[in-house]
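Chain IDs A, B, C, D, E and F follow the sequence of writing; residue 1 opens each chain.
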Amino acid sequence: MSTVKLWSDAEAEADPRVKAVFDDIRATRKSDFVNNFWRGLANQPDLLAATWERLKAVMVAPGALDPLTRELIYIAVSTVNGCSYCVHSHTAAARAKGMTDAQHGDFLAVVGMAMQTNGLVTAMQIPVDPEFQVG
Amino acid sequence: MSTVKLWSDAEAEADPRVKAVFDDIRATRKSDFVNNFWRGLANQPDLLAATWERLKAVMVAPGALDPLTRELIYIAVSTVNGCSYCVHSHTAAARAKGMTDAQHGDFLAVVGMAMQTNGLVTAMQIPVDPEFQVG
Amino acid sequence: MSTVKLWSDAEAEADPRVKAVFDDIRATRKSDFVNNFWRGLANQPDLLAATWERLKAVMVAPGALDPLTRELIYIAVSTVNGCSYCVHSHTAAARAKGMTDAQHGDFLAVVGMAMQTNGLVTAMQIPVDPEFQVG
Amino acid sequence: MSTVKLWSDAEAEADPRVKAVFDDIRATRKSDFVNNFWRGLANQPDLLAATWERLKAVMVAPGALDPLTRELIYIAVSTVNGCSYCVHSHTAAARAKGMTDAQHGDFLAVVGMAMQTNGLVTAMQIPVDPEFQVG
Amino acid sequence: MSTVKLWSDAEAEADPRVKAVFDDIRATRKSDFVNNFWRGLANQPDLLAATWERLKAVMVAPGALDPLTRELIYIAVSTVNGCSYCVHSHTAAARAKGMTDAQHGDFLAVVGMAMQTNGLVTAMQIPVDPEFQVG
Amino acid sequence: MSTVKLWSDAEAEADPRVKAVFDDIRATRKSDFVNNFWRGLANQPDLLAATWERLKAVMVAPGALDPLTRELIYIAVSTVNGCSYCVHSHTAAARAKGMTDAQHGDFLAVVGMAMQTNGLVTAMQIPVDPEFQVG
């Protein structure tokens, strides 16, 4: 179904650069599960390593936004980009980080609201109020 | 700059349906400022009323997600849709609801990360892991 | 403001391939006005000619959909793509072809509705009902 | 395949708020078929009710645009958003409302034309002609 | 799975307009394989012919960009539009035109980088530097 | 016009982390010009440094694709995302790296072609031919 090979565990074990990233994914997440995204990126070990390092820094390390909020922003972006895989994987991640059904309902309502007003604003080409500008 | 007329306060005062919405916007927000989006929607009083009622329910009423989180989801959607007006107005709203510079930095980092992996996933057409599926 | 030169009438007159297209635009539309899109495309005379020929066939020639309906579809596509220029030019074209304010209101309401449900469907990753499939 | 549970008829019967909406969908459409979108939204009864009420007002009630034109606008938006489900369901709806093959051909041609010129305009960053501006 | 019928070879043989295009696709590509896109477009013979003629001119004929570079641009556009079919077909075409794994890796890295900065720029609404403007 | 402050040279000089990145941008590009994107990112020094490091690795360092091809892919992504700033800055970069008018013409033609077929494919929901699948 993909445009690239998805690496098996045996193949990943045989390439030290890929093995190092897969090992760190498992250690960081405290789980043996390595999802297909990383198995596809394994074809490009440099890109695999750079993407995983950045994801750890942005999504796993402590920050000014709590982990669930970060996941909700991630799903919102992925929804508008129509990235089916990303919506699936990050909705699962949000649930794993405690998202309740009521929070999911609020999330969906906000996404629907924003989509709707985005369409209305763009179709009417509303100019930005001076009050909203900073730089 | 817009494809529709932007209603002045005087024009809004003269149409009871528009006046009712503008009055409620001012009362709800405890501010005299009515931004251009509503002045453009005023050309279609039914759509104006329906949109404002829904926005109040989704963004203003208490819910399972706090108001700032809802604004961040809103900005994320608006960013991917390339809605300049919406990014401006809801970034201003997020700041008014207490968003710090550090939180904005985290928001930007998550948006950048999600955009990047969305592109990688779609270019590789990664199939959804069975572990992520619910329904 | 653009990334390419916009050709003046004098420049267009001096290039026979560009002049031929500009002349046909004016004759077809029965108007001396040639909008900026064609002045930018003039840098690439082959692309200019191919685009104009296709636009005439799709948007001007008689067809199974009336001219206003075709414009509304055009604006809908342009809105979701966030093409400010295209929204402006085709909203003007729709008005020139008789679009009333009430029709514009309906158009905006449908765009807003579709945007909203698109977001909800994608965030929930709803599978296609077998009843909807043809091929 | 979805990120949420799809409600069966039995589950819908057992929740009065969901049952009320499903009953109204069936009565309005004069059909027993309730498509998956509503079965996914059923997890959030408030959002389900609000979305259905709005859809009825925008897509079913008489208006300034005929029902088929509204469906074509809906499919255009859904196509650009890449919402596979929405393209399927509203193409089926358009056919049910009388769309001929020739009209579908015109629709496809306009969508293709708009996509093409949207890309050209954005890549060239063409400035809006003053003639197109209203507000 | 599609919203239109996919034409079999037997059906294509029976319609002279469709047969002419299928024959030319096979002759141009020196292959008997006609992919599903053309089998769907066959429902609209005029659109089929116009699309194939244009594709030949833009993607097959000699030009200022080599064939592989044109495919990479095509995949980039298709990725952002979330067109799964197009990503698949043009990644296969790029490989057939000699794309190496290292080139695919570079392509993916650039797509990821562009997506990321697109998101950052739009969220910050950075104004265009005068140095970048031409027209 | 932006949603964040754009840092002046004086402000950048006063913050060692921002100054280090601005200095490296100038040294790498052998130019005193620092464009607005980096002046906006300067509000978030960690994100500024991470983004610049990654951009250098992906766009500046030698790779399997030549620098101009990488720019064309970048512009293609930015065009579909509707990122006006990015289209401007990377079209200027492509010209600085030798893009001719004829190459720009080919680029525009491919973008237009891909946009058009993306729309047609998505509206018809064409299923992926088994011949195109790898993983």
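A few notes on this one:
The rule we apply is simple: a contact is a pair of C-beta atoms (placed from the backbone, for glycine too) under 8 Å apart; a residue touches a chain by one contact, two chains touch by 3 or more.
The shown structure was predicted, so the numbers you read here are calculated from the model rather than taken from an experiment.
Looking at subunit E and subunit F, the chains that touch each of them are A, B, C, D. Centroid distances built from C-alpha atoms place F farthest away from subunit D.
Of the two interfaces, B-C and A-F, the higher number of touching C-beta pairs belongs to A-F.
In this structure subunit B contacts its sequence twin subunit F using mostly different residue numbers, the overlap staying below half.
A straight line joining the Cα centres of subunit C and subunit D is 21 Å long. Chain geometry summary: the mean Cα position of subunit D and that of subunit F are 34 Å apart. With touch defined as above, residues shared between interfaces to two or more other chains in subunit B number as follows: 1-4, 6, 40, 47, 51, 54, 57, 77, 79-84, 87-88, 91-92, 105, 107-109, 111-120, 122-125, 127-128, 132-133, 135. Residues 1-6, 40, 50, 54, 57, 128, 132-135 of subunit F are the ones touching subunit A in the complex. By the touch rule above, subunit E contacts subunit F in their complex via residues 1-4, 6, 33, 35-37, 40-41, 47, 51, 54-55, 57-59, 63-65, 69-70, 72-74, 76-86, 88-92, 100, 102-103, 105-107, 109-118, 120-129, 131-133. Interface residues of subunit D, counted against subunit F in their complex, comprise 75, 79-80, 82, 84, 87-88, 91, 107-108, 111-120, 122-125. Of all residues in subunit F, those touching subunit C in their complex are 80, 82, 87-88, 91-92, 101, 104-105, 108-109, 112, 119, 124-125, 127.
Chain contact summary for the complex, subunit E toward subunit D: residues 3-4, 43-44, 46-47, 51, 77, 81-83, 135.
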